[in-house]
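Given below, in the form of structure tokens, are the structures.
Two complexes come next, and they have one chain in common, subunit A, joined by subunit B in the first and subunit C in the second.
What follows is the complex of A and B.
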């Protein structure tokens, strides 16, 4: 545990002009191929113009329905998916087009925990080798003895016993595998961890334990998290800021309390209304969502949310609303936040 | 050179299976009970390997030892398989021939497998334009008829084991790269490959540590099927006088 703290570059001095992560107009479009010649017949706009800043030591959550582009967004930021458009800067450096050799130091400081715990661990590698791999790849492994102790510490940190390192991934449950992924992500003591549904597969008690661990590490090391989740209570627990995504776009981005206590965008309101409330007497005052989530292959014109929106006006079906700073939040809605 | 078009399902993720019955004896009993045909095949194979490996000890006569008084004799107790036109003991030569065929087959298949893995892994892992270029090259290569290519090269360079190993190794290796490539494509889709990229691992590391261990079953099949194919082709070539040079015994040449 003690070695975890000794990271010289754990805290990046972040100023207003230098957020740890800056995403500007990020877009990822997948071509749709059809027909015998596999000609491109259109595009899935999985991510379509996403912008946000994430500062060191901060947690920004991205919430939204399944298929709205959260994972794709994370992949593009981690440079595992080539963006169609937009810029990504990390610690003041533009990494959008960085070639892989120059990307290595960035990768050392930015780790990712993947959504699917069953395919994110190599079935032919022992768990201790999986957790040690980032250190080995970056030439930080050191003496075998030191490395073994280090791996044991990392496993203990996520609530697994160091002896479990001798086993193979198939001998673990989904939740345990996810914790192995988290241990792997912590190995390099990064500045940013992208958590794609990192705790969704865990049961409630382990979930709480991991969330507290993540928050504890954040306090001690100044870690930043880009936290992707569909679980609003988890998001509320861990986030400083929350971005709500709908069909590849951010529709509302605000501080946690502002967003949860006073949601402004009709989609945010609907999303919160759909979440179960502990006290039925305090049931949400907002209208629940109607209709189906639209197909990303064939999104509605104008504001993508307008067919399901209770407040839609005629302008909504023609103009795509831009994300605009209004008061304490950014919001993309001409009705709630007129230009 | 047949290449199966669908190779994506060849790779099964999962743990290496443990033998249900520990120990060699238990394993053999289990094998005979559950796969009797396989057990018979295995026994025949092991007998051949045994005779091949110990050919020099088991052969009753020297392989080039001639006895002109006993030419073209039928099988007898002193010459189990009889003798050939210059009085050499055919049984001894069959034993030694098995050895030569086996060595050529194993070395050629090993070389072919290395070629297949190198080409298949690079094409499959990098994909894109590099893959297209490599695939068109493989297509072009595979349009040459094997035997014609072999005959042409050997008539230029002369017969010999090295020529056979190199040419057959390239022929089978380049063709077999398709199978390896297919397996790599399916393994590459797993998130752990991306995870390795995300921690900053280079392509050599990823192919070596993540891709190859997971396509090992396919590589083993590629290797073993090549062995039998090479034995047949080598026998055919030697029969045509284009294989292993003359006095050395091979099954095809006798």
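What follows is the complex of A and C.
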């Protein structure tokens, strides 16, 4: 089954100079409308100056709490959300302003798996039609016989039997539905799959199965994943690199081990400290966080984290810290990484 | 510590005929004052239904078909609705998962927090509101007197859940049942809410039954744990014992499924094959047998009861291996 699925684009080795995906200063601002004439009274800066590189065959996770902009960021990269500013390059091509017709070939190589396997599959379509749909839409369906075999192979690839294609989504469990979503995403042989909380709705024993599947597929097909998640233990397991977001900005970006073994940004430390560890003998070594994330409509001045930060100095309330390369990571904090 | 709540051989069925679908089968556990018992399991394991049955909140179609729920020496199952109502919200209170839907959007926070105080203690609205303000202060809501006049939509998710805790604590209950109290919350807020719940129950010397699917939360906050699968308890022990020395194949599988610090990053997780059975259509014998790597023919003969393994109340329901 692999020869049909094997991906000619996937063998491109990861190099420093040619990332598969390059995001530079990405911003997505939503207007706040108020009053009887719905005049624009301000902007929610959902994503504000996000930059990172993702190489072929690599998993980059974006982690953060609700409202930090991680999903908006992913949707802008998939061009399902129009960026306000910045640049998105995919496989060397600037896709920031591509019109929808010219976006099509890009979308073939960039697919999404969504969080909720109950609402992201059309309940009136047979599973085989769901998996075949991207091929039909992109005019790659070919002869009915070939298509049927192809769909069967895709289902087998995600651990379902080809006969299951005759059933409807409601006849499957949550984990199986997520496998169907993954099969659909794989149909076009993409280079990049954006996983937006793809395992968050699943029970832990099923979640482990899907994580194994994602890692297997990455190894076999050379896929890159942009993995959006709030779950630190999942991120720790699946990622090569991790970006931590807070209120629309990346506060720390590092290799997995550097980030988890030696978190430097006060928010990263707090986030790791708050995550409950499945070990009654292990207390967390970092300071617990006070308060809650501020409202994105009315963010604090300077560093958005300063009102909750145990290390804040006066400069933090006035200057927005830039993401700075310090040693093995990028970090936005004037205390930990002074200019 | 003397036992406050003892649930014994509890079985719950849903459906027209009393034995239609058994969603909970012979569940036994107890909890003492000052103690936190976690009931952990995946969706459909019966953990929430067990919790609801303690409060007599099974609703239409659900009924207790066997067993007893002994609270402070009284079998709650034998009481009439009026007697249960005097206990519910007063001696036993409940915190639900969704702070968005379990608060009434049309009533002020003050009214909702003061209501149980007024009903169960018979004090005036004025006194009840004063006490409500003190409760909000105890759960660290800034400017509590002013906030009493606000509506739920003016509170964040974490603050709403703190309001729920304030309501649950209003009558200093002996037993608090919290059903996935932090599942809808962000992790930094979850830590705040769970720490608060733990501190306050300790102060009141209450018992806490924590229903959760999160083995991390269990490890950090529970004294005792009961692991549920397909409507039955498969293993129970103190939290330390369970994590150091898990015995039941399902517990072992769950622990191995959690990614994180103790597993090599990017290694294959030892996932449990298959998915949980439909409780309406359970396999013969042990319901975990079809997914169990240690299963043999003996496992399909009968559903194994809990038996002691080692000391300190460590028990598991498995005949397959030792």
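In this section, the second predicted complex is superposed on the first by the 316 of 339 C-alpha atoms of A that agree within 3 Å, B and C clash if a C-alpha of one lies under 4 Å from a C-alpha of the other, contacts with A are read in each partner's own complex, and residues count from 1 in each chain.
As a convention for this text, a contact is a pair of C-beta atoms (placed from the backbone, for glycine too) under 8 Å apart; a residue touches a chain by one contact, two chains touch by 3 or more.
Just so you know, these numbers come straight off a predicted model, no measurement behind them.
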item: Touched subunit A residues, subunit B compared with subunit C; value: C
item: Subunit B versus subunit C as contact partner of A:215, first or second or both or neither; value: second
item: Touched partner set for A:103, first subunit B, second subunit C, both or neither; value: first
item: Which superposed partner A:137 touches (first subunit B, second subunit C, both, neither); value: first
item: Touching partner for A:80 - first (subunit B), second (subunit C), both, neither; value: first
item: Partner chain in contact with A:116 - subunit B first, subunit C second, else both or neither; value: first
item: Partner chain(s) touched by A:184 [first = subunit B, second = subunit C, both, neither]; value: first
item: Contact residues common to both interfaces of subunit A (with subunit B and with subunit C); value: none
item: Parts of subunit B lying in touch with subunit A, wherever the complex brings them together; value: 13-15, 190-192, 194-202, 205, 209-210, 213-214
item: Footprint of subunit A on subunit C - complex, ascending; value: 42-43, 156, 158-159, 186-192, 194-195, 213-221, 239-240, 243, 253-263, 265-266, 268-273, 275-276
item: Contacting residues of subunit A [partner subunit B, same complex]; value: 75, 78, 80, 100, 103-104, 107-108, 111-112, 114, 116, 119-125, 133-134, 137-138, 168, 170-171, 181, 184, 188
item: Parts of subunit A lying in touch with subunit C, wherever the complex brings them together; value: 65-66, 173, 175-176, 203-209, 211-212, 215, 230, 232-234, 236-239, 256-257, 260, 270-271, 273-282, 288-290, 292-293
